[in-house]
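After this come two complexes, each holding chain A, first together with chain B and then together with chain C.
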Partner chain A sequence: MRQGRLPLILTFLLPPLALYGIFVLSPYLQAFQISTTDWMGYSAQADPVGMANFRTLLNDGYVWNALKNNAILLAVVPVVTIGLGLFFASMLTMGGRRGRAGVTGVRGTSVYRLVYFFPQVLSVVIIALLWKEIYSPTSGLLNGALRAVGLATPAWLGDPRFAFWCVLAVMVWSNVGFYVVLFGAAMQAIPRDIYEAVLLDGASRTTMLRKITIPLLWDTIQVAWIYLAIAALDGFILVQLMTNGGPNFSSDVIGLRMYDTSFGSENKFGYASAIGVAMFFLTLSVAVLALRTARRDRIEYS
Partner chain B sequence: MNRREILRRSAAAGLLATPAAGLLAGCATSGGGDEGDGGAYKGTKSEQNPLGVAEDAPLEVVIFNGGFGEDYAKAHEAMYKERYPKAEIKHSATAEISKTLQPRFVDGSPPDVVNNSGAGQIDFNGLVSQNALADLGELLAAPSLDTPGKTVKDTLLPGTVEVGSYDGRFLVLNYTYTVYGIWHSTKLFADRGWEDAKTWDDHIALCRRIKAAGIAPWTYAGVHPRYMSWPLISTAIKLGGPSVALAIDNLEPNAWKSDAMKTAADAWHQIVKDKFILAGSPGLDHKQSQTAWCQGKAAFISCGSWLESEQKDVTPPGFNMTVAPTPSLGSGDKLPYEAIRGTAGEPFMVPAKAKNVAGGLEYFRTMLSRKGAQDFTKKVASLPVVAGATEGVDLPYGLSTVVKALDASGSNGFNWVYNNYYRKLERNLVDAACGEFFSGRIGPAEFLDQCQKGADSIAGDSSVKKYKRSA
Partner chain C sequence: MTTVDTGAPAAEATRAATPADRPPRRELGVANVFSHGFLMLWAAMTVLPLAWMVLSSLKSNGEIIAEPWGLPEALRFDNWARAWSTAHIGRFFFNSLVVVSGSLSLTMLLGATAAYVFARYEFRGRQVVYYLFVGGMMFPVFLALVPLFFVVRSVGLLGTWPGLILVYTAYSLPFTVFFLTAFFRTLPTSVAEAALIDGCGHFRLFFRVMLPMARPGLISVGIFNFLSHWNQFLLPQVLIPGDGQDRMLAQGLSSLAVSQGYAGDYAQLFAGLTIAVLPVLVVYVAFQRQVQSGLTAGQLK
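Moving on to the complex of A and B:
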C-alpha cells in the first residue's frame, strides 16, 4: 500500500505543478529578465541594459503620478469598502428592531443581500461601461438627476478634479456587495447567545459592533484588507475603460502605465517589464505589511 | 548569460499581459530565433508576374475589424485567388492587432499582410526601428494590374508614398484617403439661414448667432481631445505655410511655439473663452460627442472623413453632413481658404519575416487595381488612395463633399506625420494638453508649452528612433 501511494501523489501533483511552473512562475521570472533589456517587443532583438530601465523609472514623472493615485486608492478603498461592508452586513444580520431581545436583520434582509451582490455578478467591463454612461455629462443618469433638482452638472469623467474620485467610487461600489456577503456569513457563525448576553447587559448596537462583532470577525476583515489592498494597486480595468487615465493623466494608475508603455502608445516591453517588476514588489510589500499590522490573537469560540 | 541565450529567451512565443496579477510576462517556448525565414516562397519574375509570386504559396491576411468591416478584404482576397487559383488564402479579422500579433512577430512567423489599424494598432516607430517591415518599393515600380502603361506608383494619389515612408523607404501602404476638416449639417444651416464662414472673424460671428439661437456652436471628443489639435494645427499651417508642420514632424526645438502656432492657439482660444462649446463636452467620448452633434445639439465638430460611416446608424435622414476647411485667419495666410488636410490612412504592411512577402506585395497590387479600389469604395463608402477610383460610383452625401473639398484644395493640400512617427506624442501628450486647453483650464501659452514639453521629452528619449522628412 505504501509503495502505491507515491505514483498516485505524483500523478495528481505533477500536472498542476507543471502548469503552475510554466504559466505562472516562468513568466514572472522572465519578466525580471526582460526588465533588464531594451526589448521593443516585435523582434527577437533585445540587448541587456542592466538597471537602466529602473533608473528611468525613478525619474519618470508619469509613473510617480500613477503611483500617487494608487497610494490614494490604497488608503481609501479598503477602509471605505470594509466600513460600508461591515455596516451593511451588521444591519442585515442584527439591525432589526423586531423583538428587543432577539437578534435579527432589518426587514427584507434576503432581498437586500441579493441586491448587494448584483455588482459582483457583472463583469468589471460591464460595470465600467455602465458607470461611464451614468457619468455621461449630457445624457447620464447622474446629471439627469442633478438637472432635475436644479443643481450644477459637472463633466465628471471629463474633469480632472472629479475623474479619479468617480472611478474610486465605482471601485468601492463594485466591491462592497461581496464583502457584505462575506462579513454576513462570518457574522452568522458568531453564536447568538453572545449577542443576547451583551444585549441583556444593556450594550448599544454600536458598542456591540465595536466590542463584539469586529473582534470576532477580525480574521475575515484581515483577509478582506489584503484582497482590497491588492485590488487598489491594480484598478487597471476600470480606469482603462472609464477614463484611460485622463483627463491630463489625473486618473492614471500604475497598471495602465505598464499597459500603455507596452501595448498602447509605445512598445517598450523592457521598460514596461521594469514597471511590472516594481509593481510586483509593491504588491508583495503591501500584502506582507497588511498581514503584519493586522495580526492579532485568534479568538476561538468554545 | 550570453547574448544568444538572451535572444532565445526573449524570443518568447507568447507575451501575456496580466495586469491584474501585476506582471507583464513572457511565456517561454522554443520559439523562433532572430533569423526569420522572410520570403521563403519565391516564384520566377516575368512580365505577367513582376513581383515573383509563387503561384501555389499560401497567403495569410489579418484585417482590422473596425469601421470598414472585413467584407471588402474578402473581396480582394477573392480577386487574388482568381489570379492564383492554387494559392490558399487564410483570412482573419480582429479588433486587437497588437495583442493578437505581437507573439507572432517575436516568434518570427508573422502573417503575410497586416492591416495595422485601430486603437490596438502597433506603434510604427517600433516596427520600423526593429526592421520588422518589408520594403514595398518593388510594388511601386511594378506595373498596375489593370491600368495599362502605368506603374502602381502612377495610380496613387499624391502624398500616399510620403506618408508611408520612413527614412526614404516606403514601408506602409495607407489604403484610404482621409480628409480632416470641420463638419456641419447642411440641413441645419439651411433651415436656420446660416452660411458657413470662410474667415475666422466670420466664424466667430456665426458662432455668436448659433449660440443666440440656443444651439452650442461646437462640441468635441473630450475623452480624445486630440481631435481638436487637427483644426488648430491646420489653422497654423494655413497661416505659416507647410514649414510649420515640417518643424513639428522633425521635432525641431520650439516647433510648437512658432508664431503661426501662437496665433492659431490664440484664435482657437476664442471658442473656449466665449463658451461656444457644448457644456459637458470634456466628458464625452468621440461617439457621444458625434451623436450629440448629429442630434443637432451642436453645430460644428472636428473629425476625419470616416465620420459619415461611423455615424451611419444615428444620422437622421437628410442631415447631409458637409466637410469644410478651417477658416482663414486673414489675408496674411500663406495657403488659401480651400487648403485642407488630406492624407492616406488605414495602414497595411507586409512583415519582413512573412513567408510570402511577394504574395503580400501582389495582394497590395490587387487592392490598388482599379477594380479592387472601386469595389472598396462601393462596399465601405470611402476613398481609396487610387486616383479616379470613385468615377462612376454613387457616393453618399458626406463623401461627395469630401471629394469636392479635395478637388478645391488641389495642390494646396497639406499634412503632418508626427502622429505616425511618434504615436505617444499625439495619443498621450498633445492629447492631454488639448484636454486642458479646450476645457478652459489652461490658456494658449500654457497649451503650447505643454505640447512643446511633450515633443522635447520624445526628442530627448534615446530609446525612440527619430525620423526626418524634408518635404
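Moving on to the complex of A and C:
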C-alpha cells in the first residue's frame, strides 16, 4: 500500500510548486530587491541605492496625493458598501409582511437577488467603460436625466471637484450586490425562532438588526471589511479607464501611480517597486488592523 | 455567546406566558412602501445602465448624442457587426476564450492535485510548503508586476498566450489549493481506504474516486477562477503589450474606448460592450445559484 505514494506526491506537487516559484514567489522576492536600486528603463544598468527610493517616496507629492485618495476610499467605500449590503439583505431576508409564517423576505426576493448580483459578473473594465459613458457630459445617461428635469449638468469626470467621487460611487455600485447576496446567505443561516422570539418581545426592526443580526453576522462582516479595504487600496482599473487619474491628478490612486511610473509615462522600475513595497506593507497593516479591531467573541447558535 | 443567549430564554418565557395564537403586530404600511422603494431603486440603478448599454448599441451615433434616454428609431444591428469585425471584438472574444479555457483547465488540474496531496498525504515539511504556497493569496499583484514582466520575458513567453496561461494559473493556484485542500479534508477517508485495500493504485484512486467525489468543490472554485481569468485586465496589459490582434477581450474593449474617443463612434463602443456582456450575463442567469454560491464561498473561505 505504501508503494506508489512517493511518485504520486512528487508528480502532483512539483509542477504546481515550480509554476508558483517561478511566476509568483520569485517576482515578489525580486520586487523587494529591485526597490533598493535605481533601475531605469529597459537597460541592464541597476545600481543599489539603499533606501534612497523610499526617501524620495516620502517627499513625493504625487504619491501622497494618490495616497490621500486611497485613504478616502478606505474610509468611505467599506462603510457605505457594507451598510447598503446589510440594509438590502435584511430587507430581502426578513423585510416581508409578518404573517403566519413569521419572519420572511419581501416579495420578489429571488428576482432582486438575481439582479443585484449583475455587476459582480461583469469585468471591471466593462463597468469602467460603461460608467464613463454614463457620466459623459453631453451624451451620458446621467446628464440626459438632469437636463430633462432642468437641473445643472456638470462635466462629472472632467470636473476635478467631482471626478474622484464619481469613481468612488462606481466602486460602491459594483460591490453592493455581492455583499447583499453574501450577507443574505449568512442571514438565512440564523435560526428563524430567534427573530420570532425577539419580535414577540416587541423589538423594533432596527433593534433586531442592531442587536441580533449584526452580532450574529460579525464574522462575515469582518471578512467583507477586509476585502473591501484591500479593494479600496487598489482601484487601479476603474481610475485608469475612467479618468486616468485626472483631471489634474484629482482622482489619482497609488496603483495608478505605480503603473505609470513603471509602464506608463516613465520606466523607473526601481522607484515603482519601492511604491509597490510600500503598498504591500500598507495593505498588510490595513488587513491586520481590520482583523484586530473587528475581533469579537465568536457567537454560535446554541 | 452574548446577546442571543440572554435574549432567547427571556423570549421563551414571554412566549410561554402569552397565548400562542396572539395575532402578530400590524405591519406598518409606510415602512414597507419605503423599504420596497429602496429595493426597487437599487434594482433600477443596476439594470438601467445595462439596459441603456444594449439600447444604445442599437442606435445611430446621432441618436445617442441627441437623446441619451431616447429609444432607437430602427434597430441597427450593423453596429454589432462593425464592433465584431472592424473593431475585432470577435477576434478578441475568441482569444480570451482560448486563453481562459487553457488557464482554467491547468489551474483546476494542478490545483486539485496539489490540494489532494496537502490534504491526504503526510510528509516532512508539509505545513511549511502549504503555508508558503497559500501565502501567495495575501500579496497584491501590483508588487510583482515589474519583476514578473522580466521573468516572463526571460523565459521567452512575453506576448504569448502560453505565457499568459501559465501566469494566470500560477496566480490562481494559492486560492484554488487553499479552497480545495479544505474540501478534500471533508471527504470521508473510508472510501479511499477501501479502494486501496482492493488494490487500487494511488493515481487511479485520485482520478477515479477522489476527483469525482470533490465535484461540488471543483465547480465552486472553477466558477470563481473562470470569472477572475475572464475579467483579468492588468496581467494581459503588462504581458501582452502593444496593440496587436492577439490581445484579450478586456484590452480590446479598452482600446476600442480610446479610439471611440477620437472617432466619435459611440454606437460601436456600446455594441462591443454588449457583445462582451451578454454571454456572461446569460450564463449567469442560467446558473445563478451555482455562480452566486461559488463566488460567495470563494470570498468566505
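Here, the second predicted complex is superposed on the first by the 279 of 302 C-alpha atoms of A that agree within 3 Å, B and C clash if a C-alpha of one lies under 4 Å from a C-alpha of the other, contacts with A are read in each partner's own complex, and residues count from 1 in each chain.
In this section, a contact is a pair of C-beta atoms (placed from the backbone, for glycine too) under 8 Å apart; a residue touches a chain by one contact, two chains touch by 3 or more.
In this text, all values refer to a predicted model and were calculated from it rather than measured experimentally.
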Chain C versus chain B on the shared chain A, clash or fit after superposition: clash
First (chain B), second (chain C), both or neither touched by A:Phe117: second
Touched partner set for A:Phe249, first chain B, second chain C, both or neither: first
Partner with the higher number of touched chain A residues, chain C or chain B: C
Which of chain B and chain C A:Ala169 touches, first, second, both or neither: neither
Partner chain in contact with A:Gly276 - chain B first, chain C second, else both or neither: both
Touched partner set for A:Leu13, first chain B, second chain C, both or neither: second
Chain B versus chain C as contact partner of A:Trp156, first or second or both or neither: first
Touching partner for A:Ala71 - first (chain B), second (chain C), both, neither: neither
Contacts of A:Asn143 with chain B and chain C, given as first, second, both or neither: both
Which of chain B and chain C A:Asp38 touches, first, second, both or neither: first
Single chain B stretch clashing with chain C - from 1-9, 19-27, 235-243 or 415-423: 19-27
Chain B/chain C common contact set on chain A: 22-23, 26-28, 30-31, 34, 138-139, 143, 230, 233-234, 236-237, 255, 258-259, 262-263, 269, 272-273, 276-277, 279-280, 283
Residues of chain C touching chain A in the complex: 1-5, 7-8, 10-12, 14-15, 18, 22, 24-25, 27, 31-32, 35-36, 38-39, 42-43, 45-50, 52-53, 56, 64-65, 67-69, 110-111, 113-114, 116-117, 121, 123, 129, 132-133, 136, 138-140, 142-152, 155, 166-167, 169-171, 173-174, 177, 196-197, 201-203, 206, 227, 230-231, 233-234, 237-238, 250, 253-254, 257, 266, 269-270, 273, 276-277, 280-281, 284-285, 288, 291-293, 295-296, 299-300
Interface residues, chain B side, partner chain A - complex: 3, 6-12, 15-20, 22-28, 32-34, 98-99, 102, 105-106, 108, 120, 122-123, 125-127, 129-132, 222-223, 225, 278-284, 288, 292, 297, 423-424, 427-428, 431-433, 435-436, 439, 441, 463-464
Complex contact set, residues of chain A against chain C: 1, 4-5, 7-9, 11-13, 15-17, 19-20, 22-28, 30-31, 34, 84, 87-88, 91-92, 95, 97-100, 106, 111-126, 129-134, 138-141, 143-145, 148, 173, 176-178, 181-182, 185, 194, 197-202, 205, 211-212, 215-216, 220, 223-224, 227, 230, 233-234, 236-237, 241, 255, 258-259, 262-263, 269, 272-273, 276-277, 279-280, 283-284, 287, 297-302
In the complex, chain A residues that touch chain B: 22-23, 26-28, 30-31, 33-34, 37-48, 135-139, 143, 153, 155-160, 230, 233-234, 236-237, 243-244, 246-249, 255-256, 258-260, 262-269, 271-273, 275-277, 279-280, 283
